[in-house]
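Single-structure report; data block below.
Letters are used for the chains, namely A, B and C, taken in the order the chains are written, and counting of residues starts over at 1 for each.
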Amino acid sequence: MAIVETRDLTKVFKQGQLGAVNDINLLTREGEFMVFLGPSGSGKTTLLRMIAGLEEPTRGDVLIGGRVVTQLPPRERRIAMVFQSYALYPHLSVYKNIAFPLRAQKVPKEQRRPKVEWAAALLGIGELLERKPRELSGGERQRVALARAIVREPSVFLLDEPLSNLDAKLRASAREELTQFHKRIGTTTIYVTHDQVEAMAMGDRIVVLDKGVVRQVGSPREVYDDPADTFVATFLGSPPMNLVDHGDVLAGFRPEHLLPAALVEGPAVAITARVTGVEYLGNERVLYAQIQDGRFGGKRLIGRLPSVYQVEVNEGEAVRLAIPERNLRFFAKSDGRRTEARSLAWE
Amino acid sequence: MTGETGWLGWQRWRRLLGAREGGVRVPPGILRWAIVLVFAAALSFPFLWMGITTFKQTTDLYNTKNNPFLFNLPPTLEHLRLLFNETMYLRWLGNTAFAGAVVVAITLLLALPAAYALARLTGRWGERLGIGIFLTYLIPPTLLFIPMSRVVALLGLQDSLWSIILVYPTFTLPFSIWLLMAFFKSVPRELEDAAMVDGLTRFQAFVQLVIPISLSGILTVVIFSFTLVTQEFVYALTFISSAAHQTVSVGVPIYLVRGDVYYWGSLMAACLIASLPVAVMYNTFLDRFVAGFTVGAVK
Amino acid sequence: MGMRRGDRFLGAAMFMPALLFIVGLVGVPLILAFLYSVGNVTVGSVGYKFVGLANFRSVLQNPAFRGALLHSFIFTVSAQLIVIVGANILAVALRNPFRGRGLVRFLILLPWVAPISLGAIGWKWILDSIYSVINWALVSVHLVKPFDTPMWLGEPKLAMLSVILVHAWRMMPFSTVILLAGLTAIPRDIPEAAAVDGAGFWRTHLEITLPMMKPVIAVALLFGIIFTFTDMTVVYILTRGGPYDSTHVLPSYAFFAGILGGSLAEGAAVSVFLVPILVLVAWAMLRVAHRTEVV
């Protein structure tokens, strides 16, 4: 097990190419499950590939277990990686796929079989060893890829969007399986995804990246509840945080905090808005509303009303809505960064 | 009105071509079959003719009163006996097979690493170099054979099978590099990344992973290079001056003719026997070769 | 994605052997070809003296060479015309699968895949002055008289026609399979959309299919031009350039002058006349490749 650290890690691409990263300084904790989250082109995969040694940084350093590995090829970094496509060797059986890293590192033949069987048992694929990758289902492929990754007991696990090739149903169970797997082996893991649900569900901490820059590092609760800037605020959460323009600041609040005034207790700001649309989603209703008058007149908002509340809300009606004051977040208009809370005149 | 419906009418031809009102498919109409049959017959006729000639008695062949399509006398194996027992045909087949095998080996040895380098390791230069390599394929032997004959003489290889073994890779290489490059590009990069994370160097990943995965592409190159060797005529004719060192494609048309006398029976047998295996091999891999020629022009 | 620094060295090292081979055995002879064409090299000699354009002047004054130059163009243009028209018809006829298409494909391919020298010798027998099966057929349907049969390879005009037809025979399969590949690559829904819009077979073919196949037709044509224009095997085996030099082409003439005649310089000068066409074709090919990639 080991800690991964990056120091001023930078990759400059030729013009027009996506995925460049700038001066990234990160430090994992021992045994942590860290998630790199960002839209495509944010540089998250480039960052991971530099940690793996598959991409050469323009400048900066990568440290694994306190050792600078920037100049080392991937094979000497004691890492394992699971790829988006799983990258199973198509011409080799499952057994030979899992044994491949052992063979590549010249582990004596008689020591290979017990290790392969241990890894296969850990992932419950003992019966698949003689199959070829093309004969496996998506979920089975993922497990083979994981078995191949753990078989030589790496000090760091790198996973590059390993769930993106699975269909939605399988993805939920695969997510759970990966989390369990990480708990069992406890190896420091870095996981790249563009899917915020995956990031929230699995990560001990999330690194939110955009345009090659780290926007925020924090636990899922921190990045969701206390976004460091408007990018994080709007990237996480679906529908995204409402932002209203208020002089030199932007006031933000999540859709689930915009509720009919009657349901809100404690200090809150209230507004009158016309409901322009209601989507009934079963567990909740999504409200589309437009603030009627006052200084925010015309501003469109989105609210989420859990189905446990039976309040009647109809399209075209003007309703009184409120946001608890503790759920308001403020961002500087100039750079989008978080600023201190303040009380504002809302009407 | 007659223009629409008469013998020369438009509608009639449309029907014959199998066109339906509002339909684009050409169903198996009579005309379509006729076209296919006429072309197939015309294109394969010389080989059919070789077959008939092979088994005809000489007196039957040379009697202009006989219907040449029929066996007016019983079939004979005499021409085949003559070909295999009294000519150097077997030797030429052997020479061709040997030269083919060595040329294929040289081609693979040079083309595999070169194609991989172009596909993966040379970045934007690779694209240009690849095109440059492809263009050398357009330089024909008939432009190079005169200076090449000097080069061959300089190396002391004249009248030796080794002269063509040395020279043939000049045309097998460019096309093979081109084919293999496309093949390597279709191997997912993540496989090699995985192999390098798993403990291999880039070169080891090429040898232990990329080559085994690309076996069918390599087989294509083997077949293609081999058929090119069997088809080549100009260099062999130029460099090799004694019958014993010839390949089939020069030996048969040049050295099976004694003076001005053509032993047509044996000659046709020799052509057919050498052509068919090559044709079968090529036919099996046709789609790959076509892909090699049409890279870029067909999506 | 970027590359590690080591990769670039490895790439150079892996590419180098093939590059050296090609430079040594294509590049050097190519330069030599140009040098010879302006020098005084013969088979026996060892020295080299620059003679300027003397070789070109000498071959240009030779009517046999001027004939060869003309024949080269006539052969290439006529053969490719036949090939492109025929291959288009054949490709359309072969487009949809039918029983026995595999066998038909094999038969159709034979002229291209069998060694051309052997195919040509087959034709030499079919076109024989006495035993020609074609003549026998013509006589038996009373198109020609028994003792006045055409001398296919012995009479200048007929010999030219024969050489052209054998060239066309040889290239037809190649162009057909290339066009077929282009034809099958056209997404089905495009002609289907045209059909829904009310276009018939011919309109669809002429206004939709053919224009979409332009790049593929260009590829088939360009390769066809190269293979026909630079070929000497068909002429060498069928006629050796005769009768009376009436079928010589540039490559066969170069062979007779340079190798059999012993004047390497003159032969090289003749070959050099191939270069402008080669350059033109290469340029056209790059354009085709470039355009299809951009679109």
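Criterion: contacts are C-beta pairs under 8 Å (C-beta built on N, C-alpha and C of every residue); 3 or more make two chains touch, one makes a residue touch a chain.
Note that the structure is predicted; figures quoted are calculated from it, not measured.
In this assembly, the chain whose C-alpha centre lies farthest from subunit B is A. Chain B has the C-alpha centroid lying closest to the overall centroid of all protein C-alpha atoms shown.
Remark: subunit A and subunit B have CA centroids separated by 55 Å (rounded to whole angstrom).
If each chain is reduced to the centroid of its CA atoms, subunit A and subunit C end up 59 Å from each other. As a whole-number value, the distance joining the C-alpha centres of subunit B and subunit C reads 14 Å.
Listed for subunit B are no residues, as none touches two or more other chains. Of all residues in subunit A, those touching 2 or more other chains are 49, 54, 73, listed in ascending order. Under the contact definition stated at the top, the residues of subunit C that touch 2 or more other chains are 1, 3-4, 6.
The part of subunit B that touches subunit C in the complex is made up of residues 14, 17-19, 21-26, 28, 32, 35-36, 39-40, 42-47, 49-50, 53, 61-62, 64, 67-69, 109-111, 113-114, 116-118, 120-123, 126, 129, 131, 133, 135-136, 138-151, 166-167, 169-170, 173-174, 177, 189, 202-203, 206, 227, 230-231, 233-234, 237-238, 248-250, 252-253, 262, 264, 267-268, 270-271, 274-276, 278-280, 282-283, 286-287, 290-291, 293-299. For subunit B in complex with subunit A, the residues that touch the partner chain are 188, 190-191, 193-201, 204, 209, 212-213, 215. Every residue of subunit A that touches subunit B in the complex is listed here, in rising order: 49, 52-54, 73-75, 79-81, 83-85, 87, 89-91, 100-101, 104-105, 148, 152, 158. Only residues 1, 3-4, 6-8, 10-12, 14-15, 17-19, 21-22, 25-26, 28-30, 32-33, 35-36, 41, 86, 89-90, 92-96, 98, 104-111, 113-126, 128, 130-131, 133, 136, 140, 169, 172-173, 177-178, 181-182, 185, 191-192, 194-196, 198-202, 204, 215-216, 218-219, 223, 226, 230-233, 236-237, 250-251, 254-255, 258-259, 264, 267-268, 271-272, 274-275, 278, 281-282, 285-286, 288-289, 292-293 of subunit C touch subunit B when the two sit together in their complex.
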